[in-house]
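For reference, the structures are reproduced in the following blocks.
Below, chain A partners chain B and then partners chain C, in two separate complexes.
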Partner chain A sequence: MFLEAKNINKGFGAEKVLDDLSLQLAEHEMLSILGRSGSGKTTLLKILAGLESPDKGMVLLQGQDMGPLPPNRRNIVYLYQEPLLFPHLNVFENIAFGLRLRKAPEGAVQKRVAEMLANLELPEQARKMPHQLSGGQRQRVAFGRALIINPKVLLLDEPFGALDAETRASMQQLLKRIAKAFAITALFVTHGLKEALIMGDRIGLMQQGELKVYDSKKAFIEDVETGVQAEMDFWREIE
Partner chain B sequence: MSIEEQKSQINGISLILIAVILFPFAFLLMLSLGRRWAYPMLLPAEWTLDNWQAIWGGQAGLGESLLLSLALSLSIATIATAGSFWVSKQVAYHRNRQRWLVLAYLPYVFAPVILAACLQYFFIRWGLSGKLGGVAIAQLFITFPYGLIFFTSFWTERMLSLEQLIATLGGNTWQAYTKVLLPVAKGPILTCFFQLFLISWFEYGLTALIGVGKVQTLTLKVFQYINEANLFFAALASCLLVMPPIVLLWLNRRYVFSKVI
Partner chain C sequence: MRTTAHRTPHTEMQKTSTYIGLGLFFALTAFPLLLGIGYALLFSLGLAGMLSEGFTSEHWQAVLGSESFWETMAFSIYVALVSIGLAVTLAMLLVVRWPRTFESTPLSFFIYWPLAIPAIVMAFLIFQLLSKGGALSRLAFQLGLVDGLSQFPDWVNGQYGIGIITAHFFMALPFFLILYTQMYSHEGLKGLMQQAFTLGANRRQAAWRVAVPVLLRRSFATVVLYFLFVMGSYEIPLLLGSQSRQMVSVLTIQKLQRFNLADIPQAYTISVVYSVMVVALVLWLLGAKKQV
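On to the complex of A and B.
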């Protein structure tokens, strides 16, 4: 398996956040994780990225134990709900950031950033500063900044949470397209039922620190705990 | 009242305010250039540059005091800004953040002079009393906590997230500081540096107590001349005293506030 989390436990004081959680993620797969606020989704992603340490359990990437590796050597990028663009750098330099860290040759930086800008439909915005962009544009730049370094895994923590419904829908389509084009392996965390269904190749439900991953979307829809049935009933009643 | 009349009224008030603010500086300059200025004469009987020439080479030691004050305040501002920037980060993300911040406020709650009086025993015992090093350490007791309090608000959850993001993008701590944190903090760092420079520059009580009159900063000189009723030299020393802050204000306006991100 490409990415594996085995029996992860994590608590903050007396509060148990992750309870013997295990998951498997195949290469080029996007797993949606649906969960309410406080269900432990963010903690799980931070443990996978190396930003938090588990109390127990281990994370394996391509069979290698990630435990001893610091976040900057895992090649797992964690994206927040907020785009967190660097305010002193323009769009071009924000996207080029990871390449500059790796001291990539200038010619390669120019070429790859130009390609990424085209992929994100942002070539006209290259010289703009982050505060001159819309919410959706900022999130696209954040994707570009992450994707340009070819991460092994992309962890997306409710990336569209702060966007309006229309921008959110177009961003979902854009991410789907990019995920396919770049063959991304990703975990997509959301509290939106519809978004979980749209984005994931598979879907998991997180409740009180436990994760249940469904074999198919049908199984997810049929499970009463996911809330899909209640949602469908609601729309039927309106009809 | 028409708009034109309102405008001219505002302009008039502005001019009066500017004149009120600038008058003390103009008066000091005049006093430093004047001689034999007795009541009821409106202006000095004699104008001379003798006082100003006494800065260098005169027995007043004003030049030495100016250089000493500049070296001391620049060093204090640099050390306290750099140190408090780093330490404030540890405090901001510490679980006992509030407790550490209360400690940082203590020098101001007790007043710097009282703090110096309390610490004087240790300064004498360690041979720091009357020494430049002792004055520098004493000034750090008030400037460092100021910087700490100043920077704590900079280290927000957003900054922590930025740092974590840089790490997952492959950056190490050095790269996080040099490529993002320091450029983003440039404005606050320069503002803090200027403020700490000013605190050190105008510091009197602490410097007088720990320096026991042997460390003659420019601020101490001004008070010395005032006590001696040497008005012309006091005015000259005051002119020198306000010059660096004016330069800093100009730099602040030109390079900091216009470019703060």
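On to the complex of A and C.
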């Protein structure tokens, strides 16, 4: 398996956040994880990224134990709900950040960033500063900054949570397109039912620190706990 | 229509209160300052004061042509640059490395307390610590590092202004610690640094490429204003400075209080030159801020 989390436990003080959680993610797969606020989704992603340490359990990437590796050596990029663009760098330099860290030659940086900007439909924004962009544009730059270094896994923590409904829908389509083009392996965390269904190749439900991954979207829809049935009943009643 | 009718008096009131605020600000701060600078300019040109004998550029020529004036300016800039440079660098390093330490722990109280100490008291403490008869000198003697107290280096009243720099450093450090601690959380630096880590930056790269530029950019105006404050400081260099190398305020006051009344216009000339420099820097800062 490409990415594996085995029996992860994590607590903060007396509060248990992750309870013996395990998951598997195949290469080029996007797994949606649906969960309410406080269900432990963010903690799980931070443990996978190396930003938090588990109390127990291990994370394996292509069979290698990630435990001893700091976040900068895992090649797993974690994207927050907020785009967190570096405010002192323009769009071009934000996207080039990872390449500059890796001391890529200037010609390669120019070429790859230009390609990425075109992919993200942002070529005219290259010299703008982050505060001059809209919410959707900022999130696209954050994707570009992550994708340009070809991460092995992308961890998306409710990346469209702060966007309006229309921008959110177009960003979902953009991410689907990019995910396919770049053959991304990703975990997509959300609290939106519809978004979980749209984005994931498979879907998991996280409740009180435990994760249940469904074999198919049909199984996810049929499970009463996911809330899909309640949602469908609601719309039927309106009809 | 109703909305417009409703809004107009409110907007008018807002406008009026803005004008009152600006008027009060001008009357209480800018106007007296401008009057002072204006009077100093007239005095320096021989157009005001008891000894005035009509327009002359003699005092300006004397000040601008004197080596000691430019040495004083250079020394003042050097002291401000070194003390603020050290304080900003250390404060930034501490906050980036241990951001939570200075937020609310009991330790933070002891770090902040020097802020409450007046400049003259700080100068006195540094004198007690660094002078030839001070604590460090005695300790060095007890440890056998020097044979006599006179062998202890001239850290106070010396040519390099080490005492002045130390005093200003200890006063500026807590100020910048508070500033950067607040900025660290306000600018979301924890998240930005974590983002940099997952993009491949190690701790040093994240600090240099993200935290330091963000903090410096946000605090630039404050750093420049503090720099001006140190350049123009009086009590600390008066007590800890040397007779031969003076900072600008000390030189000005000395000229103003000398028995030779002919020196007074020169004191006013120095204060005009210094004021012009400060105003130019502030205007440049405002311009730079607009561009950001």
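Basically, the second predicted complex is superposed on the first by the 239 of 239 C-alpha atoms of A that agree within 3 Å, B and C clash if a C-alpha of one lies under 4 Å from a C-alpha of the other, contacts with A are read in each partner's own complex, and residues count from 1 in each chain.
One rule holds in what follows: a contact is a pair of C-beta atoms (placed from the backbone, for glycine too) under 8 Å apart; a residue touches a chain by one contact, two chains touch by 3 or more.
Please read these numbers as outputs of a predicted model, since none were measured by experiment.
Chemist: Put chain B and chain C onto chain A via the superposition and say whether they clash or fit.
Modeler: They clash: once the shared chain is superposed, the two partners overlap in space.
Chemist: For A:Leu120, using the defined touch cut-off, is the partner it touches chain B, chain C, both, or neither? Pick first, second, both or neither.
Modeler: A:Leu120 contacts neither chain B nor chain C.
Chemist: Per the contact definition in the header, classify A:Gly98: touching chain B only (first), chain C only (second), both, or neither.
Modeler: both
Chemist: A:Tyr80 contacts which: chain B (first), chain C (second), both, neither?
Modeler: both
Chemist: Is A:Leu205 touching the first partner chain B, the second partner chain C, both, or neither of them?
Modeler: neither
Chemist: Shared contact residues on chain A, chain B side and chain C side combined as an intersection?
Modeler: 49-51, 70-78, 80, 82, 84, 86-88, 97-98, 100-102, 145-146, 149
Chemist: Flag every residue of chain B that touches chain A in the complex, lowest number first.
Modeler: 158, 161-162, 164-172, 175, 179-180, 183-184, 186, 261
Chemist: Using the touch rule from the top, collect the residues of chain A that touch chain C in their complex.
Modeler: 49-51, 70-78, 80, 82, 84, 86-88, 97-98, 100-102, 145-146, 149
Chemist: Within the complex, which stretch of chain C touches chain A?
Modeler: Going by the criterion above, the answer is residues 187-188, 191-192, 194-202, 205, 209-210, 213-214, 217.
Chemist: In the complex formed with chain B, which residues of chain A make contact?
Modeler: So the residues of chain A in touch with chain B come to 49-51, 70-80, 82, 84, 86-88, 97-98, 100-102, 145-146, 149.
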